[in-house]
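Take a look at this one; I'll ask things after.
Per-chain residue numbering starts at 1, and chain names A, B, C and D are given in the order in which the chains are listed.
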Amino acid sequence: MKKALKIVTIGGGSSYTPEFAEGLITRAAHLPVAEWWLVDIEDGKEKMEIVGQLAQRMFKKAGLDTKVVMTLNRKEALKDADFVTTQFRVGLLEARMKDERIPLNYNSIGQETNGAGGLFKALRTIPVILDICKEMKELCPKAWLVNFTNPAGMITQAAITYGKHERTIGLCNVPIGMTKGIAESLKEKESDVEVLMAGLNHFVWATHAYVNGENQITKSLNFLIDNPAEAPANFSHEKWDPSTLRSMNVIPCSYHRYYFDTEKMLQEEIENAKTKGTRAEVVKKVEEELFELYKDLELKEKPKQLELRGGAHYSDAACGVIDAIYNDSNARIVANTINNSTIRSLPPHAAVESTCIVNKSGAHPLAVEELPQWMDQWLKLIFSYQDLTIQAAVNGDYNALLQAFFINPLTPKGAKAADLIKDLMIAHEQYLPQFKDLITSYKK
Amino acid sequence: MKKALKIVTIGGGSSYTPEFAEGLITRAAHLPVAEWWLVDIEDGKEKMEIVGQLAQRMFKKAGLDTKVVMTLNRKEALKDADFVTTQFRVGLLEARMKDERIPLNYNSIGQETNGAGGLFKALRTIPVILDICKEMKELCPKAWLVNFTNPAGMITQAAITYGKHERTIGLCNVPIGMTKGIAESLKEKESDVEVLMAGLNHFVWATHAYVNGENQITKSLNFLIDNPAEAPANFSHEKWDPSTLRSMNVIPCSYHRYYFDTEKMLQEEIENAKTKGTRAEVVKKVEEELFELYKDLELKEKPKQLELRGGAHYSDAACGVIDAIYNDSNARIVANTINNSTIRSLPPHAAVESTCIVNKSGAHPLAVEELPQWMDQWLKLIFSYQDLTIQAAVNGDYNALLQAFFINPLTPKGAKAADLIKDLMIAHEQYLPQFKDLITSYKK
Amino acid sequence: MKKALKIVTIGGGSSYTPEFAEGLITRAAHLPVAEWWLVDIEDGKEKMEIVGQLAQRMFKKAGLDTKVVMTLNRKEALKDADFVTTQFRVGLLEARMKDERIPLNYNSIGQETNGAGGLFKALRTIPVILDICKEMKELCPKAWLVNFTNPAGMITQAAITYGKHERTIGLCNVPIGMTKGIAESLKEKESDVEVLMAGLNHFVWATHAYVNGENQITKSLNFLIDNPAEAPANFSHEKWDPSTLRSMNVIPCSYHRYYFDTEKMLQEEIENAKTKGTRAEVVKKVEEELFELYKDLELKEKPKQLELRGGAHYSDAACGVIDAIYNDSNARIVANTINNSTIRSLPPHAAVESTCIVNKSGAHPLAVEELPQWMDQWLKLIFSYQDLTIQAAVNGDYNALLQAFFINPLTPKGAKAADLIKDLMIAHEQYLPQFKDLITSYKK
Amino acid sequence: MKKALKIVTIGGGSSYTPEFAEGLITRAAHLPVAEWWLVDIEDGKEKMEIVGQLAQRMFKKAGLDTKVVMTLNRKEALKDADFVTTQFRVGLLEARMKDERIPLNYNSIGQETNGAGGLFKALRTIPVILDICKEMKELCPKAWLVNFTNPAGMITQAAITYGKHERTIGLCNVPIGMTKGIAESLKEKESDVEVLMAGLNHFVWATHAYVNGENQITKSLNFLIDNPAEAPANFSHEKWDPSTLRSMNVIPCSYHRYYFDTEKMLQEEIENAKTKGTRAEVVKKVEEELFELYKDLELKEKPKQLELRGGAHYSDAACGVIDAIYNDSNARIVANTINNSTIRSLPPHAAVESTCIVNKSGAHPLAVEELPQWMDQWLKLIFSYQDLTIQAAVNGDYNALLQAFFINPLTPKGAKAADLIKDLMIAHEQYLPQFKDLITSYKK
C-alpha cells in the first residue's frame, strides 16, 4: 500500500486550478491525494481563496477527503511534499501586457514565450524558480517538480542545471493537442497512435505517428494539408506552403508560425493591440468572468467557460505525469527533460521536449533519430538564444542578453536591441533584481 | 482479433530450439503462433529433424496446434513470415574450434565473439545475414528480424546499415543474467528493479538500478564486491579490484574480463585447450549428449540438461521481444538497435546495446546520460574495430581488416597480425568468398 | 629555374581584367607569365577583346613578352594551364538585376550574394564551375583553380566537394579591406599587424590583430567605435550598437549588416531601386564608361576610374595567391578552403574563409580558437543554407531549395518562398537546366 | 632595434646545456642574448656549475658577451625573463630508474614517457610546472615558456589549462628526426620537403611530405619499407608489417612501437634490465663521462660524445622556436600547443603535436585533415589516459589515476593496477605531495 500524496501547487490562485482539481478527482481511485497545498503571494491571495474554496467543494462533492490548504507561506507548504507543481506568473498579467506591447513599439513580435517578451519572462521567472529549487533541496529533496510556468523549456533547464533539482519535469499542453489532432487526421483512437515528438518547448515537431507499427506521419500530414478545415486550430493558422510541408515530412506545432510567418503574425498583433487588446488583455477579461463564476457557492465542478481560457489539457499533462510516476506506469508522455543524448545536435544540458517513458524513476526520453539539416539548424538556433538568456537571467549578464537578441530571429539587433532592452528593463524593474545596476545606470 | 503468427527460425537445428519452443508454449495464451518454420542447411538437417520433432511433441502435449515445419528451402520459409529469428552458425562448431585454437598459436585470445576469433566469425556471418536481408526484402519486407547470431552487435549493425532491413533487433542473454543478478543483490524482485544498461554487445554496463525511483547501483555494486560468493558467475570470475569498481560506479558484464584481465584469460584458454578442450569442444560434447536425449520419443519438454549448454534466457529474450511487438506492450528490454542518438559518443550508425521500450513499432532505446571518459573511450575503441570489421566483411577489404586488428586490444598488430590473418583466412576459406583473391594469393 | 606560367582567366571580358594585368606586371620580376589566356562566351567577346587589347598594350609598355590570348574555346585555353582564375558571371549583369529586383517584390533583400538573389546566383553558377572542374581534370589536372566568382564560398565548396578539384582556392576582397582598415585603426603598417580572420565568405570576422605578439583587436574595435568617420566605409555603414560590438570583441565585415540591420538595408534597396537603380544597374553604367575608356588605344595602364567599380584589391588577392604558390612563400592570406578541422563547429566539407599560409602545396588554414556561442550559431546557420543550396544546385533538388529558404534569415518562408522561387526560376530559366522539369510545370 | 634577450633555463644543470649554448651561439647574429640564467636545485648545483662554466667558455670563445648566470633562486632568475625553457627532471635519474624498473615487476612496460612510468613522471612533474607558471604570472607574465620536460604533451597541457600560461610551447626532438629521415628517403634537401605532422607527443605521425607541391608520403613510406637499412634508427626498430604500413599511408614515430609491438619491447626491457641496465642506468654512466669532459677547462665547445646521450636536435628545436618568435619568421615547426580545432577528434583543451607556423604571436597550428578511423581512435585513447593523468596529478585524484591505467594499453588493470600504483607511490613519495593521504594509508 503506497501512501497518499502531498501535492503543492505554486501559483495556486491560477484560473487553471479547478481543472487541476478535476484531474485529481478523475484519477482518485488510483492516485490518492491526502493534502493539496495551494501557495500564492499576497497579490494573488484573493484569487487563491476563490479557487481553493471551489476545489474544496469539488472534492467534497466527489466524496474525497483530500485536504485543500491555502497559504502564503511557501516553505510551510513545501515541507515533505511529494510533488510540487508550478504555474505562477511573476508580475501577473500586468507584466505579460508589457511583454506584449513594448516590443510592438519596435515593430517586433510581442509574445509571452517568443521574441523579446519571452526572453524577459525568462529573466523574471528564473530567479524565482531557483529560489524554489533551493527551498525544495532543504524541505522536500525527493519531491518531483512539475513545471508548467512558461517559457517552460528555459525554466526547466534552469531548474535542473542551475537549481540542481534533477527531479524536474517540464510540461506543455501543445503536444497533447497535436497528438489528438494527428489521431483524428488518421481516423484512429488516440491510444492507437504512437506519436513521437522532438524539439524544444513551443518549437516541437511530430516526427512519427505509428499505427500498428507503421509510420503514418505522411498520411496525417497530407490529410491536414488537404483538409485545412478539419485541421486543429493551431495547424490551420499557419498557412504553410504544401510543398514546404511535404519536403519536411513532419508536423509543426502552432508556435512555429512566429518564426515562419513572422510578418503576418506581427501585423495581427499590431491590429489586435489596437482593437480587441493583446492576448493578456483578453485573458484578463476572461479571467475576471471566470472568477465571478468560481465564487458561486453552488458551483462544484469545473465550469465549461474555463475552456475559453486556452489552457486545455494542462490538467491531463500534470496529473498524467504525477500518475505515471506514482503508479510506475511507463506511460508515453511528451515532456521537457535534460537532453543528455536525446537530440544529438543539441548539447547534453539543453532542456528538450520529446516523447518520454514516465515511471517511478522519472521521465526517460526516447533517443531521437537523426534530424534533417534544416530542423537541426533551427533547433540549434532556438536553443542557443535560450541558453544565452538563461545565462543572462542567472548572472545578470547584459552581454549574454545582447547576444541572445543577436541570434533570436524575432528580436531586433544592435542599437535597436539595446533600446528595446532598456525599455523592458525599466518596465519590469521590480522583478529583475539581477539587473539592478544596469537599470540604475539607465536612469542617470 | 490479431492473426496468429508465422515465425521462421534460421539455424533451426540448434540445440536451443527446445527452449524456444518452451518460450512459445508458455506465452501461447497471448501470443498465438500458427506456423513455426525451422530452416537449416544440409549439414544441419539431421539435428533439425531431431529438435523439430521434439518441438512437435512439446506443442502437442501443450494442446497447441502450432504447425512445426522443417525445411532446407529458406525462401519458401521466409514467404509472408511475421518474425524471423536467426541463430545459425556459419561453419558449425568446427569453425568455432578454429577461431578458438588458431589465435592461441600467436599467444592471443581465442574466443568466438572477441579477439581474432570474433572478427573472423563476423567475416563469415555478415555475407549470410545480408543474403537473408535481401530475401526478406522480397518475401516478407515487414517481418521483424530478431537476431541472436553472434557477434550480435556487428551482425545487427550490418543487417540494418548494409542489409537495409530496419526492422532488425539484436539480442543477447548477458543483460538478462545481469538484471537478475542485480535484483538478487538488492534483495528485490526482478520486476521491482528498473535496470538501465548501455554499451555494445558483450561490452555492456549496468549504469542505473532504480528501486522505487531511487538509483541503487552503488548498493548493488557494493554487495557484489563484498559477497563474491553470492555474485553471479559472470561477475565473480572477474576479480576486479574493489577500488577500480567503486571508481566506476557501474556494473560490468562478464565479457569485459577479456579486456581487463587479458593475460589471465589467455592463460586459462591455453590451459583448457591442453586439457578439457576449448569451449567449442566442450559444447560439442554437451550437444552430442543433448541430441541423444532429444531423440527420445518420450521426451516432450525441454530437458534440464540444456541449461549446461550455456544459452539460458535466450528464449526469454527472443520470445519476449516477439511478445512485446505483437502485444504492443512497451516492455523494457535490453536490445541491440541502431544508435541514432542513444549514446552520444558513438556515431548514429553504430549498433548499441541498451535499454529499450519495445512495442508495435519496434525497439526504442532510451537516451543515455553522458558517460564517464574512461567508459566513453572504451566504447569508441570497441565500436571502431567492429565498424572496420564490418567494412572488411562487406567489401572484402584487407586494409580495413588490418586496421581492425590494429585497434583491437586483444589481437596482435603488424607482421604478427598479418600472419594470424593468413592462418585464419586459409582455415575458413570456404566461408569467406569475399576474400577469395587474397586467399588465392596466400597459396602461391 | 622554374618555368614561366600559363594562366587562364575565365570570364576574361570582365572590367577587372586590367587590374589583374597590373597585378601580374607588378610581380613580373619574380612571377614570370609566358601566356595569359582570356576566355569568354560569345556574348562577352566584344568586351574581352577590348580588355585583352588593353592588357596587351600594358604588357608591352612594361617591356614584358607575356602573350595575351583571347578565345571562346575554353578547352583549348585550359590545356596545360598552371593557374585558372574564374571571374565569370552567368547571365551577365542582366541576371544580377533580376536577382536584385525580383525579391524586392516580396519585401525581401535583393542582393547578389545574400538572400534569394545570392541563392539563385549559386544555382546558375555551380553547374558551370562543375563543368570547368571536369575539363580541368582532363586538360590540366594539376592546375590551381583560383575562384573569385560569387558567391565565392559556395562556388569553392562545390568545386572541391562535387567537382573534386582539390586544388581550388576561393578569394574575396573583403578581408583585404578589413586588414587595411584594422592596421590603420592601430596606426601600424599593414605588414606589422597579423590579423586572423574566421568565418564564411561575406560572413567573416576578424578575431585577432597581433602587433608585436599582443592581440590588439579590442583596441582596434574601440577606435572604430569611437571614430566612425575614420572607420572603413564598410564598417561605418553598419551602425552597430557599441555595447553589442564590445560584447563580441571581434570586428565584423560589411556584409553582416544584411543580417543585423535587415530592415534598414531593405529600405535602402527599395529606395535605390526607385531612384538611382539597383547595384547592378549602377555597375552597368560604370562599366559602359570604363569600356569606353579601355577602348582608347593610348591607354596603356589601369585607369583610375576602375576603382569606382568596387572590386579593388581583387588583383592583390589573386596575384598574391599565385605568387605565394609559385614562390612557395608561406604568405599569410585570407582564403576560402575546405574546412577540415579549421572551424570545429562547421563540418569538414564546408568552405570556410580564414587566415591561411599559402605555399607550393596550397592554402593551409590555421586552426581557429573556439568561437563564442553567438558566432558559432550564426556560422552554422549561414553554412546550412549554403550547403542546402549547393545540394539544390547540383541535383536540381527543389526540396533542398525550399529548405535553404526555410533557414536563410533573409528569405521568405513557406508559401511566399514558393512564389518567389517560381518568379526567379522563370526569370533565370535559360541558366537553370537542372530545374527544367520544375520550370515546365510552372508554365502549365 | 629589438632588445637583447633574457633567457632562463630551468634544470640548467642538464647535460644538454652545452648543445643549447651552441644553438644560441650559432644564431647570435640575429638572436642577441644579453643574459642566460641557469636555474637548478641544490642537488643539481654541482652539475650546473660545470655546464655553466663550459657555456661561459663557449660564449667567450665565440666573442659574445652573453652573461651566463647560475642560481638556485628561481624567482630571481624569472624576473623580467623573455623566454623560459624547462628541461628539469623531478627526482633526477634515480626517479627515472624506478619508473623503468618497478613496472617490469608486473610484466608491464617500464619507460619514462609511456606506460606506468610515464604516468608517474607526469604526476611528479605537473605540480612543479604549475608552480613555475604561478611564478611567471607574477615575475614575467609575457615571457614564453618553452618546455622540453617529458612527458612533453601532458606538461604542456597542464601548463596551459591549469597553469593558465597561454604562452607555452612544448617541444620534442622526435619530429625533427622524422623530418630529416623523410627528406633523406626522398633524396631531397630538408628545406625542400614540407612535412606535415599530426598527433600527440611521442604518438605523432607524418601525414604529408610535399615536394614541389605534390604529396610524396607514399613514396617516402615505400622507400623506408624497401630499404630498412637506410631508414632512420627509430623506424627500422619497429618491424612494422609492410601491408599494415601501406594500409595506413602515413609514417609513424618511433614511440609507436611501445603500443604496436608491446610484447617484444617488454622482452627487450626485461633483458636490458638484467644485463646492461635500464635506459636511465645507461644514461647515468654516459652523463658521468660527459661531466668529466665538461670539467676540462680547455673544452670550449660541445663535445662530440654528447650525441650518444640521445637528445640530438633539442637545441635546434628550442633555439628554433625562440628565433622564430623573436624574428617573427613564420617558420614551420612541429610543436605541442593547445588543440583548439587543430585535430577535430580531440577536444579543444588537448595538447596536440602538429605542424605550426611560429611567429611573434606564438605557434599557430595548421588545421589537420580528417584522420582515418584507426588513427583517430588511437589518438583519442592516448589523449584520454593523458587527460585523466593530468586530472590525477592536479587534484591528487586516485580514481582518475585508476581510470587512466584502465584505458592505457600499456598498464595493468584492476587489482594489478592498484598494486603497481601502490609500489610507485611509495617509491616516489617525496615528489607526490598531492597523494600524501593515500601514501599514508598504504603504510598503515
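What we mean here is this: a contact is a pair of C-beta atoms (placed from the backbone, for glycine too) under 8 Å apart; a residue touches a chain by one contact, two chains touch by 3 or more.
Since we're looking at a predicted model, the values are computed, not measured.
Student: Show me the overlap between the contact partners of subunit A and those of subunit B.
Tutor: none
Student: Under the touch criterion given at the top, what is the topological distance in steps from subunit B to subunit C?
Tutor: 2
Student: Over half of the interface residue numbers used by both subunit C and subunit D, so same, or under half, so different?
Tutor: The interface of subunit C with subunit D is built from mostly shared positions.
Student: Report the inter-chain centroid distance for subunit B and subunit D in whole angstrom, where each centroid is the mean of the CA atoms.
Tutor: 46
Student: Please work out the Cα centroid separation of subunit A and subunit D, and write it as a whole number of Å.
Tutor: Chain centroid spacing, subunit A to subunit D, equals 56 Å.
Student: Among the chains present, which pairs are found to touch?
Tutor: All chain pairs meeting the touch criterion are A-B, A-C, B-D, C-D.
Student: For subunit C, which residues count as touching subunit D in their complex?
Tutor: Spelled out, the residues of subunit C in touch with subunit D are 194, 208, 210, 212-215, 325, 330, 332, 339-344, 348, 357, 359-362, 364-370.
Student: Report the residues of subunit D in contact with subunit B in the complex, numbered from low to high.
Tutor: 107, 238-241, 243-244, 247-248, 259-261, 263, 372-374, 376-378, 380-381, 384, 387-388, 398-399, 402-403, 406-407, 409, 413-418
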